[in-house]
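Look for subunit A in each of the two complexes below; its partner is subunit B in the first and subunit C in the second.
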Partner chain A sequence: MKFKNNLPVVFLTPPMILLAVLAFVPTIAALVISFQNKELGRTGTQFIGFDNYLDLFSDRRFANAMQVSLEWEAITVIGTMLLAVLVAVLLFETTRGRTRALLCTLLIIPVLLPRVTAAFVWKFMFNPLLGIINYPIRELTGAPIEFLSGLQTALISVAVVDIWQWGLFFGVILLKLLETLPKEPFEAAKLDRVKTWELYAYVAIPMLSAPIISLTFIKMVESLRSFDLIYVMTRGGPGIVTETLDMYAFSQGFVESGRISYASAMAVLMLLATIITFTIIFKWVRKWQNV
Partner chain B sequence: MKKFNGVMIGGCMVATLLSSAVYAGVCSKDIKVLAQPRASLTLLEERKAEFEALAGVSFNIDFLNENDRRAKSRAEASTTGRYQVYYIDEANVALFAENEWIVPLTDYYPQAYDFADFDPGRIKVGSYGGKLYFAPIQGGGDFLYYRKDLLAAAGITPPTTLVELKKAVAALHDPANGVYGIALRGGRGSGANVWRWMTYFKGFGGQWFDGDTPVFNSAAAVKATETYLELFKYSPPGTSTGSWTEVTEAFNSGLVAMIIESSPLAGMTEDSKLSKVAGKVGYTIPPSPLTGGGYGHGLAIGAKANQTEQARECAGLFIAWATSKEQEMARLEAGVFGDLNRSSVFDSPEFSAKYNSEIASALQDTAKVTSINYWPNPDWPDLGDRWGIILEELITGSRSDIPEALDELEDYAIKLIARRR
Partner chain C sequence: MSSISCRNLVKKYADLQVVHGFDLEIADHEFVVFLGPSGCGKSTIMRMLAGLEEITEGELHIGGVDMTDAEPGERGVAMVFQNYALYPHMNVYKNIAFGLRRSGLSKVQIENKVRDVVKMLALEDYLERKPAQLSGGQQQRVAIARAIVKTPDVFLFDEPLSNLDAKLRHQLRVEIAKLHQQLKTTTVFVTHDQVEAMTLADRIVLMNAGNIEQVGTPKQLYTQPSTLFVADFIGSPAMNLFAGELQGMRLVSPIASFDISDQNLDFSMVSNVTFGIRPQHLSLQKKHRKDVELKGVVSFVEFLGSEVMLTIEANGCEIRLLASEGEVLQRGVEVTVYLQLNRLHLFDTNTGLRLN
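Moving on, here comes the complex of A and B:
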């Protein structure tokens, strides 16, 4: 009996230790380094208190990166979920059997592509002189659109790639969830002669609210890791228009300055902001679900 | 040409047999190299067996594109330092040398490989504090590349001054018919947009620092930036955030009338497999008062991975072999024009036979106007990259106040100097 009670502890201890080492050691190291003036290419490191944090608040690129990160989160999360719902409903309404299975397989392919590969492919497609997207635009208007160099278009263009990868994948997941719903509410609604959009807006989607919220959370976390896509497609440009926090931190730490401590201070602030934001949203959603 | 090949191969084989006896035992393990893609390095990999016969060990090259190579080599050399040989460029020699991530090369470069044969300009940019740190893989100055056919059709002679250049660019600019007046680098980076901007800045008399005091925030910097932005109106789409690749591809695709770019482009431009404008391009020096951007990339001996004298000698032997006259002649034979650095190769009959006299004379002429435009200091990559981003903001229109932009860079430079102290 005693052995049985101890079994969870026996199994849980090794992974918990591993998790602690993997998660806490780098976090604590980043925290310690953020209070120093460590730089690649400079000898001698001292503790300088909150100087790095104070410098961040007068750094226009940090303020810009915060704003871009928020915009990126909003565009990619909302865009992905809208596309997912649209794709799921469209496939649920218009396809059956093997056609649906084949389309589902095709729609999963984008998310299976490595992000860097997807970024390179789209970057070439957006090319104003040689890209396939610009070809019809150039033929029709006489001038190409500089999608990745335009101040108004750069962030949206990169977000399109992210939404293309995840929106289609989530669409397939939602389609499979729609297939599991009981038929009775749909039949009852049809007897009441509701329109198709009303059927999904007021019956199907509310029935799937829990998995949709979970998918939204997954996408929110995933969107925070946008570095590879932005790095390949725009490097944060034009200027600093697509420079997110992780992009700016990497740039300060390794590309431009080698200011490891300054970059660590950004990472710590980003961690804190993420924890606080997610905690608030999580509590808000739980409260909303209980109402 | 067949006779030339036979003599070359025979000579190399004899030289390899003799030298392998001399250098036997210098190396004890394979050499790791961190580099950026270069046609000459790909050629080296094809000739790996030669080095194995010479030194008894092999080598592996890890390739990263220029920006990533810079970032990775700085992070790697300052921490683990696992590479015996680093590919470095003129902009980071000071940083690497000051931090002793690399060691002076001349002590470990075997005399038989004739270091003095390298073009003096290449050696100059590979030096810091009076010591030489890399053997050149490529380098040079700038050419004004112009489309002879387009200029002749418009009755324009190749511009010799900036005023003439501006007029010619405006006259030749005809995007409706697929011709842009000029192509400029707009994308960020001390080796990208700043590299080209500096030729205007220095040409107008600008200076970076007086001792530790920044003096670049000047009328010369404002005029250089205004001129650069003015010319950018005639640059093709995609170049406002593009660099060497976008600019040279646009020119070699036949979309651009004139560009001022680094001299190694001439080899690509005259290669009909890579260029639609082969045979249609003229070469001359940049219009006055622009200076040519003197630059050089080369191979240096890593300090951490080569702790012993023997290890450094081995790395030195690899660099000497990789930059030898035999390798340069092989590059010439393969048409890798951009990676030639030795005076004896430029003066060879094979070079004259392969490249037209216009290129050869432009190479000689441009050396006279080539200068070191960057700030030769360990903090240059940091300062240059910061200006690169601000300049990209000006080019793409997310900011427009040039004096304010220069004030911001000056504040940054003052903080940079303070941190160094």
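Moving on, here comes the complex of A and C:
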């Protein structure tokens, strides 16, 4: 009996210790450091209160990073979900049996690639001189498109890689969810004279709204962690066009100036913004689902 | 409203043939029930009528128009499914109105139509609810409303009452019968429940293993079953059936042997026969001069309310008899059973076909 009562403690202690070391310690450390004026390679650190935070509000590069981050979230989340729905419906309508199973396996491969690998592969494909994407463009128009160094194309081009990895994977998940839906509402809809697109827009996709919302949340969290992809492909460039918050914090803290405290303040703000945004969206979705 | 004409309908799944040349003419306004055990192909044929299953061979005409290869939405049929098949994310109103939205009616017209149907099925209080917030009976009424509101040429019911409890089933059965009296739309109703079939149908199509066993009014199927299968399937409690042999004008069997020269028989060569008599047509009192007498012992008594079902052992066979409640008997009592010969059903054991 006693052993049974101890079971939750036994199972929860190791992950809690792990979490404490890996998450709580750095978070609290970042919070503390953000109120100091710590810089790499300089001794003598003092507490300076909210100075770092106040500086951030007048930092236009920070405002830019904020905007890029928001754009990145919007493009990758919406793009991923749209591609996922498209892939799922297409496969559900046109394939069955073994062909479908084989295609599913192929579509999962991109997400299995390490992000850095995927980033390098696509960076090479986007290359103006050697890339496979630019080859036909160069043949047709005579000039390659500089996807990763163009002001308009850079962010989209990096987002394409993210959407390619996750959209196809989510497409497979949605396809499997479509397969679990009961057949009868589909048949009833056919008797109600719906066209194929209406069948999905009005019946199938709404029936999957709960898992689709969950997947959207997962993707929103995942999209926040874009650092590796952007780091490999553009390093925030050209200029600061693809510099998201984490890229900017990284370059402030380690690459350009070593201002650890300033970067920490950014990280803390990011944490707060994320918590607040997600709480609001979560509550809003719940309310909307209950209506 | 429309007639339906099925001409030699065949359904094959790869090598497996499940419907073997189904022929049937259904008249306008008629209420036809497809009855049969699970897997007899009755639902498959209904789905072929709806266009949800492809017709492998044969022709289907609805209202005189060839609908063999038409899309489900173009056939003018509305279907009610066993598990309701409502759109789970839409409320009752939207479920009912969904089909109308695609028919080019104005919003006001749709609303009027929905209100009428909702009133007919007493669903006014539930319009804002989602299907998950309704009971099974209410959900099925919504499904029926969704079918009615389209004013289709043909109603198809695919075991609509099978998921409901006994009381609701009876209630909804009566409702369906009343709706048909009111709307007079040609209706095909699939069920494995003979009570539903007997009470609702103008005509019953009794099916077995992808073939029609008999088509007829409920009374015809009950009083003149044309095959052994029909005799066994129709009627509750089930008919007593015994194997026997014809020797001239005499039927010889372990339980009883008697003269059958009275029966209007089609003899020709048959010697192995099966005879059947319903438990209702056996009696403990002699009712007719020619009744066959059987001596036996009561081996089991089932009290059914107004009636008592007796299982009687006679000459090493068991025979079931429906007695009135007043004749309460104990196990082990010796009785004399009288068989009404004019209620006898005779079948060829080998072919299963009726002989009298």
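One rule holds for everything that comes next: the second predicted complex is superposed on the first by the 270 of 291 C-alpha atoms of A that agree within 3 Å, B and C clash if a C-alpha of one lies under 4 Å from a C-alpha of the other, contacts with A are read in each partner's own complex, and residues count from 1 in each chain.
Everything that follows uses one rule, which is that a residue touches a chain if its C-beta (ideal position, glycine included) is under 8 Å from a C-beta of that chain, and two chains touch if they have at least 3 such contacts.
Values in this document were obtained by computation on a predicted structure and should not be read as measured data.
Student: Would you check which partner chain A:255 touches, where first means subunit B only, second means subunit C only, and both and neither mean what they say?
Tutor: It touches subunit B, and subunit C stays clear.
Student: Compare subunit B and subunit C by how many residues of subunit A each one touches, and report the one with more.
Tutor: Result: the larger residue contact count on subunit A belongs to B.
Student: A:202 in the overlay: touching subunit B, subunit C, both, or neither? Say first, second, both or neither.
Tutor: The answer is second: A:202 touches subunit C but not subunit B.
Student: Considering only the touch criterion stated at the top, classify A:41 as touching first (subunit B), second (subunit C), both, or neither.
Tutor: Touch partner of A:41: subunit B, not subunit C.
Student: Have a look at where A:15 lands relative to subunit B and subunit C in the superposition and call it first, second, both or neither.
Tutor: After superposition on chain A, A:15 lies in contact with neither partner.
Student: Between subunit B and subunit C, whom does A:188 touch in the aligned arrangement: first, second, both, or neither?
Tutor: second
Student: So subunit A touches subunit B in one structure and subunit C in the other; where do those two contact lists coincide?
Tutor: Overlap of subunit B and subunit C footprints on subunit A: empty.
Student: Flag every residue of subunit C that touches subunit A in the complex, lowest number first.
Tutor: On the subunit C side, the touching residues are 50-52, 71-74, 77-79, 81, 83-90, 98-99, 102-103, 146, 150.
Student: In the complex formed with subunit A, which residues of subunit B make contact?
Tutor: 67, 70-72, 74-75, 78-79, 95, 98-99, 175-176, 186-188, 236-238, 240-241, 250, 253, 255, 378, 381-382, 385-386, 389, 392-393, 395-399, 419-420
Student: Where on subunit A is subunit C touching in the complex?
Tutor: 182, 184-185, 187-194, 198, 202-203, 206-207, 209
Student: Can you list the residues on subunit A that touch subunit B in the complex?
Tutor: 37, 39-43, 127-129, 142-144, 146, 148-149, 151, 234-235, 237-241, 254-258
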